[in-house]
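What follows is a group of structures, each given as structure tokens.
Two complexes come next, and they have one chain in common, chain A, joined by chain B in the first and chain C in the second.
Let's turn to the complex of A and B:
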């Protein structure tokens, strides 16, 4: 019996998908498999080949789950993620609403808006390290001149201010993503809806609540989900500015994994923490998908 | 005609290709990563040594690579763990034991027996023993140095301090944070050398936080010494790493810097109005803290030919000619008699450096279990140090917590 056109099309589809699937298998599935394997190999071995030869067990998970450092890092990651997501979202929304209006040089300024997002995390950290330097930073100097501060604050070295200090560059770098995403969504809202709302006597807040927000809600929530996932596993900005210090005050899960792997050379427990991070992110995505499905179907 | 032209062109291309590839095929390339490739003073020595070696061995090329110190040990550990060690292994000696404990380094006893190194190296070469075998050649043993800005002391009507109390008083008197002037430049951010800063005060005061094979952080003498260090950091800019601390001193913004003799070469970069005021002297402690700084090794699992070529490089570095040149950079050379009386007379700073190196007490842990896990030890001590810099928690409480954490994570038999 001759294969149907439908069968031939399906084979062609799989053939065309094959390179992508191979890339996914090599770059995502295989490393994931190795990480999960490593997490199940207890013991400290600096040679990965030696570690992978050990028998399987759950001692790595047992060790990390009984470590206070892990729970502290979970807490820091939650604070860091929420602490950057909300301000970045609000800032992005405000900039998007601003740039949706017509004013001179709008197109040129929109391009500038993207610049923070394009700057590498390490460069952002170094810049803010100098701006917030305790002794020679411009921020302390300005705050002293304005009479807000009487003594210098060691932003990155004081355990009370270090988390806020790493949040500032993180928000600065991530708000353009929200601004551009929401701006694109704003431009898809028909102007006639606003005209109709004005004719009906709707205030600015009512127009935002009943016209603007429903139009941008889907893309905004998707952007929030993506940004939350990126921030949850953030490493560059924190490590380059505080290395997770002082005294663990900014040690998030990403920093803890790095320290376990490359400072304590416990690759197995580092992999176990990585698996726990993956599980946490997966739960978060699963819960978010229920909301997102309502927006996009 | 055309055929003849094509034949000639093909022959010319083949000849050029063979000429270009022939030396590459025969040449051995040794990888040599180090944090000193761009360090003022000693980098010139390394580059000159590499050039001289390559001239003597035209079939060997050495690829000298700069790796920042803060990432150096991590990078080397990853390379060794991945089975890709460098050919010439240069290590901070404090980390030697953790590498040797993994079986990553080649025993050198047989090779050393054929040289004059055992007869001419100081007692500190014993730091290169691990599990009954010598696995490295000490490149520098040192005593900690006090760098000071003489003009700032004169302006404050102070002399060079001779005791820790005088030193702290001088730091206080020359600190004006509002004008960006500080009494001391020291590490006040998370950095591998934070432990060295704190240990310098402890060993310098004649105490020890590892005594008779046990943790001794709660000893009143240790607590007092750490408190002095903590007080000193109050006169230093916050968030500073070792490179920034050195730069602040070179720029004339601080009065004192505690560091190794290797900073001497960097002082040449000071502005013209600052350089004449920068001096070097002995630390104002009853005991000079110091130890083995760095050492050269061979990786156990490398190609035999490369191993032999790398060993020849190490032997060249240890030769009288190159040891003398090394000593003239300001870093104390391990070889006895590397400096002549004339050298010392011509360079007074070298006398101070070598005198302090000769009487230095090792500030790095000597307990085998701690040496093998130095990274973990240093991480926990650094965390306690940062807690003291960034909070108001009492020093005895912090050190007590540190000792408990060390006993839990790094138990000593």
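Let's turn to the complex of A and C:
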């Protein structure tokens, strides 16, 4: 029951909201407006007033759309997003199913399992840089001892393996998010449903297919959307390990925007790439929303 | 009530699996018990594999380069060579303490600011339906879509204009920007679980709405505030792109920028880098273990689900 809004209450409601609205206006809406302005005003300018004085035009967009680097970055972003989403989702789902079972010390093991989520991206990067080092990395050493490798692979340095090399730490950091979400959803499925299914003689797969999956599908798909958005804009793990290299092999859109702005100092084209990136994310969200709305209503 | 077998988290599902299985558990057969230990073994093995990178970071930080830089690094550290030399060395040669201090100042500052703003706004959104609901939802969605490496571009321009480049205030502001929308939804979700009768009772006792918030609601919201604060602190401590761009003076570097500065050196001192990594990770591990029960109980699900 919502109480009717008396004037005093209405004032209080907005008063409490004021700091948040101010923060959003100043630190999200205004920067976004600046990005759009920058993307449409060709030429170099650092001061906002100077920038706004320039004539509007589409030169920035023309320029980036004719750059092969942009299309390569689109491809890399797609591979990076899908390539981390699928394994992270599968791992998160399997771990959630495992940790939904009853066994000793579950509470502690669960905490430990979810730990990678809290490790800063840069720390994740340096750890995997070391583990995947060509000469002294433990991964190559183990693969050599197992007879799988005969030569050293410079995972992060070789253009053919660099994308795989940045995907591994990304999956490692993102699977706990799926495990947490799916575990919470699993806990909300009433046990009686499983008992009924067992009485009806359902096999383990049928129980998963007809009881578990319908119970977790909504939250799992939402988690997939949020995680895809996160990987699509991910910067820390790639930049701290390869900076988008070697030879642009791991240059996603997020990296390209940054290098354009702070290595080439072309803010206008950087903003134009950023606008394209936001547009892509918005289309993706709009399409996903149609699926998600069916799940949650 | 505790029983020998599986310890269900105190916050877990309402009448979920374990609870329903309880009567059966008492007259449990030996095969059931074996099964539980098999699941335990599988879970423990999974955790061991998943945490190997953290283990390897710690092991490397405890060994000298002569052992670490080997074609066949020992998977178990030779105990006679374990030492804290790498820690001592990296603290001597690099301003790790300064980086940690900067990270702590930025994380504490932005967490406090975001938490105050988010608690007030979350309370308002939870209690009164206004048009701000839509604004808040849109802001949350936007921050989920806005790449940090993009929004840092206008931040750079804005803070240059405002002469805030090379200040910790710039980093606090940038972290507040991404923290407030999420934290607001998280707090709203928490306030939603507190019944409205609390304020009505307080009003009968003569409290103004603000007094009711301060003396009745906020004390009850402490677990939610704690979870929210820990979440914000973890995000701010991990933050990299703002710190790398908005400050240039080395004495203002945060720990993530400091760690990244090792990468690309001709000869990376791996034990030293891993030692610095361990030091930067330790506070996050503590915070995470405090936060984790809230995560699974779904306190944040309201925020996640918008």
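We take it that the second predicted complex is superposed on the first by the 268 of 297 C-alpha atoms of A that agree within 3 Å, B and C clash if a C-alpha of one lies under 4 Å from a C-alpha of the other, contacts with A are read in each partner's own complex, and residues count from 1 in each chain.
Basically, a contact is a pair of C-beta atoms (placed from the backbone, for glycine too) under 8 Å apart; a residue touches a chain by one contact, two chains touch by 3 or more.
Predicted model, so just to flag it, every value in this text is computed and none were measured.
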Chain A as common anchor, with chain B and chain C clashing or fitting: clash
Chain B versus chain C as contact partner of A:117, first or second or both or neither: second
Which of chain B and chain C A:10 touches, first, second, both or neither: second
Chain B or chain C, by number of chain A residues touched: C
First (chain B), second (chain C), both or neither touched by A:262: both
Chain B versus chain C as contact partner of A:104, first or second or both or neither: second
Contacts of A:188 with chain B and chain C, given as first, second, both or neither: second
Chain B versus chain C as contact partner of A:129, first or second or both or neither: both
Chain B clash site on chain C (candidates 99-107, 189-197 or 261-269): 261-269
Where chain A meets both chain C and chain B, residue numbers: 46-48, 129, 133, 135-136, 243, 262, 267
Sites on chain A touched by chain B in the complex: 46-49, 129, 133-136, 151-152, 154, 156-159, 162, 242-249, 259, 262-265, 267
Touching residues on chain C, where the partner in the complex is chain A: 5-9, 12-21, 36-37, 39-40, 42-44, 46-47, 50-51, 53-54, 56-57, 60, 68-73, 75, 116-118, 120-121, 123-125, 127-130, 132, 135-136, 139, 141-158, 160-161, 173-174, 176-177, 180-181, 184, 209-210, 234, 237-238, 240-241, 245, 256, 259-260, 262-264, 268, 270, 273-274, 277, 280-281, 284-285, 287-289, 291-292, 295-298, 301, 304-305
Parts of chain A lying in touch with chain C, wherever the complex brings them together: 2, 5, 9-10, 12-14, 16-17, 19-21, 23-24, 27-28, 30-32, 34-35, 38, 46-48, 51, 95, 98-107, 109-131, 133, 135-136, 138, 141, 144-145, 172, 180-181, 183-184, 187-192, 194-195, 219, 222-223, 226, 229-230, 232-233, 235-236, 239-241, 243, 253-255, 257-258, 261-262, 267, 270-271, 274, 277-278, 281-282, 285, 296
In the complex, chain B residues that touch chain A: 74, 77-78, 80-83, 102, 177, 180, 182, 188-190, 237-239, 375-376, 379, 383-384, 386-387, 389-391
